[in-house]
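Here the structure is laid out as structure tokens; the discussion comes afterwards.
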Amino acid sequence: MTSPATPTEAARAAGPCLACVAVGVSILAAVVASFAYLSIDYRGLFSGESARTMGKFIAEFYPPHLAMPFVAKTIWAAVQTLAVSAIGTLLAVAAGGALALPAAGRLGVVPRRAVRFLLNFLRSVPELVWAALMVLAAGLGPFAGALALALHTTGVLGRLFAEALENSPPEPELAIRNSGGGAVAAFAYGMLPLVFAQCVAYSLYRWEMNIRMAAILGFVGAGGLGAMLYFHLSIFQQAQSATVLLAMFVLVLCVDAFSSRFRRKLAPAYA
Amino acid sequence: MTTMTMALPLRDPDAKRRVTMLLVAVIVLWPMLVLAEFKPWVLFDAINLEVMSGFLGGFFPPVLSHEFLGRVMQATVETLAMATAGLALAFVIGAPLGFAMTHSLSISRIGPGPGRALGEFGRYMARAVLMLLRAVPEIVWALVFVRALGLGPASGVLALAITYGGMLGKVYAEILESSDTRPARALLEAGSGRLSALFYGLLPGSAQELVSYTVYRWECAVRASVIMGFVGAGGLGQLMDQSMKMLNGGEAGTILLVFLMLVLAADALSAGLRKLVA
Amino acid sequence: MSSSADVAKALSLQGVGQVHPNRHRALQGISLDLAMGERVAVIGPSGAGKTTLLRLAAASLRPSEGCLSLLGSNPWQLGTRDLRHLRSRIGIVHQAPPIPPQLRVITAILAGRLGAWSTWRAIASLIYPSDIAGAREVLARLDMADRLFDRCDRLSGGQLQRVAIARVLYQRPELILADEPVSALDPTLADAAIEQLVEQSEASGATLCASLHAVDLALKWFPRIVGMRTGEVVFDTPARKVTRDMLVDLYATEGALLPTQANDPLSLVLPIRVRGDGDPPSGSGSTSASVLPFHRPGPR
């Protein structure tokens, strides 16, 4: 039996890596500590009494309230949710597109860093936090939700668009500049066609995710299905809440069903 | 020699399609703008401007009092605990279901035999359960649980356990299917039980990917815990919600900063752990 | 006010040298004058610096040494707007067509005149093409009129190259620079494409300077040949004075075969039609060299 040639081989032969074991143990410790810290009253949570209350609470969700006027209101709220997501995404496409140019380095190194930092900030703040902020700026209602989605999605799309611009070959645009074309025309004819389909695909994908988000933003007052759910749960009208939950579920299902088909038609290369 | 120019003017065959699409877009856009109550001038409305500028003004300087920072730290630890505990529960729920669902442990795939229908049914049920768990966003669960159980992190932990359990299960099954299944197959063909095939055949090869995804999910759980706090599930989110409802810009700004740093730290930790496993 | 001699020059290089950033010397002491309306072919083995020469002539590259004058001006001393105007008078056919595959052929062709159009017209033309008849006419000269509204990614390499040539024809420049414009085309199509470029030059009085890989194409269509090797001009003579020995010497580094359309050195011996001056071939030649026999039609 030959002796190990290198120290790493020797270490490997000695057994599982020490670092892995240490990390594994600390993770277990962290989990136990978390449960302990939260000091949730587990006995109380899973006791018979609490289970009965919980059971009663869940039972009141069925059957959902299906009176026509209320269902109509729910459908209206669902359409409003769609509208919020559409407007928010559209605004983000415009803003993201505009910011993508400096973020791709077209105006210099310093603007690139600055705009990228801004886009990262917009992206890092969750949509719900933006919504809470926008309710302050624009009042309660769906407009706050649209603005929140616009701000967050601008961060996402701006970065994606900038990367698409940076990864595309510059030759077509340069060729037009070399034939005397202006900067705008060269961009429109030389760079835009290269990235257009990809950017449309990204935008549609984000719109799909924003529809799910828009439903939730209502929790902080931004209208749509979320606001309805929050309201009816607050006054303990479980049956009506069940209807709204059903509507949310159906909305997401429809979006899932249509999205791949629609995306394939509009941007064939990237479906 | 010059060619003759065409007598008939040629039309762009694409023109009709483009005009129609443009018309449809405009027709759909208008009601959307109305429904979403798109009124940008509202942003410059006197009252709103006052509220917003007062709020934003409070950002500088951020509230850095000892007492408040102490509360923020407490809330941060609570958020982290919520995320960790929630993910641990999610693992307990999702891992068995995922392992049950995966085709890599399917004995009927190797060769038909008795008990095939039962195996298929079991896998189908596991898949259905996982899909149901994922169907509702965690924040909706959180909202419902807060109504049932009251304010506090318990709702967040349960909500995470349910939705993230569904996600973990599904992705675990996919990872196991996409890794090298030959060792497991060999064991199953030799007559070993499914559990042994899992631990000795599948896990060694795919452990890295499984751990990597779990760590990534933990990072997402941290962010989700903050968000769920907005509906009453405790932690940083609830603290920030309270500050904003009281229009206290200074406190909200501090919490936002702490949140961003927390996300950065979680991101770095997650990347480090994943590199360690790789 | 420049003298008449300066005004007559489409392209003038004096002692031009080019050293690339990676310290590689591409050109050395190039002096070349092209009169307006002249047609010149640049030939030579790979690495000779033909592409660099054409890029300098297109004002895409700044010469490291020497003076350059394009259509009567030094491009590197012009202001932005004047440089743009100068560039719009120069048309470039690249070796690889710089056309986004997602564009339609018509838009790709109309892009040739973007130097002359206002930004508004350019954007409007993206929505509805503003000169379908003109683009169609140019494309018909290259025998592709039926593909006018196809997307460029549906075209073969040779077809895309023809669209690139059509774009330059549509531009109606005063100076046409072509860098291996027909290397992707089969012999018949290549011949037809060069014919179109030459016809454009004849009809509009534009100067044509093309680097070609196939020597027989160069000798057939261009009355003046410039031979380059390793960054220097080896010879600069009228086509009828090009001897086989000169060509063999030029391509010595590339092996025994002279690059032709058919890659067959014997084809150079066959009599081929040449456009240009009407002089009959002279029978002079050194002992071992033989002058290539040419037939000449009458002058145009």
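Some notes on this structure:
Lettered A, B and C in written order, each chain numbered from 1.
Simple rule for what comes next: a residue touches a chain if its C-beta (ideal position, glycine included) is under 8 Å from a C-beta of that chain, and two chains touch if they have at least 3 such contacts.
Quick caveat, the model's predicted, so the values are computed rather than measured.
Of all chain pairs, the one linked by the most C-beta contacts is A-B.
Look at the CA centroids: the one farthest from the centroid of chain A belongs to C.
Spacing of chain A relative to chain B, judged by their CA centroids, is 8 angstrom.
With centres defined as mean CA coordinates, chain C is found 53 Å away from chain A. If each chain is reduced to the centroid of its CA atoms, chain B and chain C end up 58 Å from each other.
Taken in their complex, chain A has these residues touching chain C: 171-172, 174-182, 184-186, 188-191, 193-194, 196-197.
Taken together, the chain B residues at the contact with chain A in this complex read 29, 31-33, 35-39, 42-43, 45, 48, 51-52, 55, 77-78, 80-82, 84-85, 88, 135-137, 139-140, 143-144, 147-149, 152-154, 157, 223, 226-227, 230-231, 240-241, 244, 247, 256, 259-260, 263, 273, 276-277. Residue ranges on chain B touching chain C, taken from their complex, read 1-3, 5-6, 9-15, 18.
Of all the residues in chain C, the ones that touch chain B in their complex are 104, 106, 127-129, 132-133, 136-137, 140-141, 148-149, 199, 203. Listing the residues of chain A that touch chain B in their complex gives 19-20, 23, 30-31, 33-35, 37-38, 40, 45, 53-54, 57-58, 79-80, 82-84, 86-88, 90, 121, 124-126, 128-129, 132-133, 136-139, 141-143, 145-146, 212, 215-216, 219-220, 223, 229-230, 233-234, 236, 241, 245, 248-249, 252.
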